[in-house]
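Two complexes come next, and they have one chain in common, chain A, joined by chain B in the first and chain C in the second.
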Partner chain A sequence: MAITKIQSESLNLSDNYDFTGTVTGAGGVMTPAFCAERNGDQGISYSVRTTVKFNNEIFDSSNAYSTTSGTFTPQVAGKYYISANCQLTSSQNDILNYSFIELYKNSSVVTESVHNNLNNPGKIDNHTVIAIVDMNGSTDNVSIQAFINVAAGGYTAAIRDMSTFQAYKIIE
Partner chain B sequence: MAQLSNKIKEYCKANGVSDVDFLEDVKLQDDSNGQGVYIAEWNLDIAQPTDAQLASYETVANTAEANAQVDATRKQAYGSWNEQLDEIFHNIDAWKARIQTVKDNNPKG
Partner chain C sequence: MGTIKTTNIETITGSGTLTIGQSGETINIPSGCTITNNGTQTGFGGTMTPAFHVSLSAIQQTTDLATTKVQFDTESFDTDNCFDNSTNYRFTPTVAGKYFIYTSLSCRSDSTNQLVNLRTYIYKNGSELIKSIGTDFRTNNGYQTLNYTGAMIEMNGSTDYIEFFARVDHQGGTNGGVDAGSYAGAYKIIE
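Right, the complex of A and B next:
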């Protein structure tokens, strides 16, 4: 029997209720959702905005993340909690001047994380970005870009193994 | 092969621009799709170089990269400023000899 109305005086909130049927219209699901990581370092050129390819999917509930392009394009409209963690490194100590990662929605930056080491160049920067992004459920996509500036040429730079990118739809 | 940013620096230097800001003046992009790095935005007053012009700076950019690597190696071998000041205070001639050895062991091209 469908319950159309519950009056507060008829429901004892301290009682236990054991439902044997199906409760509908309550709660929600936090999908589409995905989590991907870097498997192995991704070498990058310095002073270049580079799309990070999180090439190993931990899970991807709706096949919405592409390991080829590094983009998440969910096909369900709504608000998504999105985060990424990246470790950026130079191959030599004391040359990493500054670095940042940016969370892009389509071609616009949503948020970024910046480390400025100009007064004391280092080797490794850890970055985290978090945002809640409204997605249209068709063409909107999000991706991560990384940038490293080093004090000396001739060295290599990389996005480290185990950097992660993940998202899930929030219940609205 | 020299980094594109270094070839652009050398091109700019040869055309009267001594410093390039790769956040504002020139924006380089790599979409990680196998197509490599390209110039996404060129905001300097001098003309954007062609691929052929950039290729002509390969050698000089390679030398600059190698020298920068030498600088970084020397810097590590020199030690910190406070360690060096202490060395100078105690024996400036020994400090000079040590610095000269570092330079001799790490020559520039």
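Right, the complex of A and C next:
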């Protein structure tokens, strides 16, 4: 008679077990995860906070990132490693006074990167933000906002092509 | 078909191995049960390897505006010997999956007030995949700058490889280099 069930009040696995078949439900996975980038510059008005639209997905394991809204809304609760790298540029040399990017969770700033060149304005600032953010797995979302201040009106500004935004879940 | 109710299962003394199930079948742990592991386990979950972290041991000279492969020559660790730190300076992971890849480059001009900007590139299979432009001083030239970038990239676990490049723009065609201590690394994420 074949035995199909072993039932115990407490199964103590004090021996060594080597699983070489398929195991599900053990350990954990680092998904949802995604990586997206800017494909082409995104023009923005100076001195106006603007959501960065990383419009090209390199991958998106769980379809949790929206290229339309620029938001990542994972449907699995947990803590996520989130980072972004953005290059903010002015249209002319030596007019970029200061700039920053902010990592938003819902409507609150989690962290930011600021460059202030007021006495020595340049053309491009490079920003990186990194944080581990607790997400509720339903409504919580994160996004990147950018801001550029230039020396005078009449110029344009942009978020550069190939700026990136990515996240993955950490295993707890 | 039957059920064994017991509190302890042990291997026969000397055998050391307890086999549960066989190929093609499923061992089910019902919802609400808890497995407490006080021993050693292998094969469960996943690992975040291959992984590596490398750096430059000395400044690497670059030519103005030339896109130059960064020759990371010092390994802090390289779990699966997937990074070549002596010939091609590339990461060729032998496990398919998605990898978080990062690099931080610091560069300088040969003299002060000559640096315009630094571009950092991550190449996949010889082609530019990620580009990050560091602070652009333009005509208000600087001397040193730092540029960090990271991205997650899918690798096929056999032929795909990653390399890191730098392009330093100096005023008036002077030269400079990528500083010692610049670094790069990667690790596999568990899916």
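Convention: the second predicted complex is superposed on the first by the 146 of 172 C-alpha atoms of A that agree within 3 Å, B and C clash if a C-alpha of one lies under 4 Å from a C-alpha of the other, contacts with A are read in each partner's own complex, and residues count from 1 in each chain.
In this section, a contact is a pair of C-beta atoms (placed from the backbone, for glycine too) under 8 Å apart; a residue touches a chain by one contact, two chains touch by 3 or more.
Computed from a prediction, not measured in an experiment: that's the story for all the values here.
Contacts of A:Ile124 after superposition on the shared chain: chain C is touched, whereas chain B is not. When the two structures are aligned on the shared chain, A:Asn93 is found in touch with chain B and with chain C. Once the two complexes are overlaid on the shared chain, A:Ser107 sits clear of chain B and of chain C alike. In the superposition on chain A, A:Gly153 makes contact with chain B only, while chain C stays out of contact range. Of the two partner chains placed by the overlay, only chain B lies in contact with A:Ile44; chain C stays clear of it. The partner of chain A that touches more of its residues, comparing chain B with chain C, is C. When the two structures are aligned on the shared chain, A:Thr139 is found in touch with neither chain B nor chain C.
Common to the chain B and chain C contact sets on chain A are residues 93-94. Every residue of chain B that touches chain A in the complex is listed here, in rising order: 2-6, 22-23, 27-33, 37, 40, 61, 64-66, 68-69, 71-72, 75-76. Of all residues in chain A, those touching chain C in their complex are 1-21, 23, 25-31, 33-35, 37, 58-59, 61, 83, 85, 87, 89, 93-94, 115, 117, 120-126, 128, 160-164, 166, 168, 171. Of all residues in chain C, those touching chain A in their complex are 1-11, 16, 18, 21, 23, 29, 35-46, 48, 98, 100, 117, 130-140, 147-154, 189-191.
Chain A contributes residues 42, 44-53, 69-70, 92-95, 147, 149, 151-155 to its touches with chain B in the complex.
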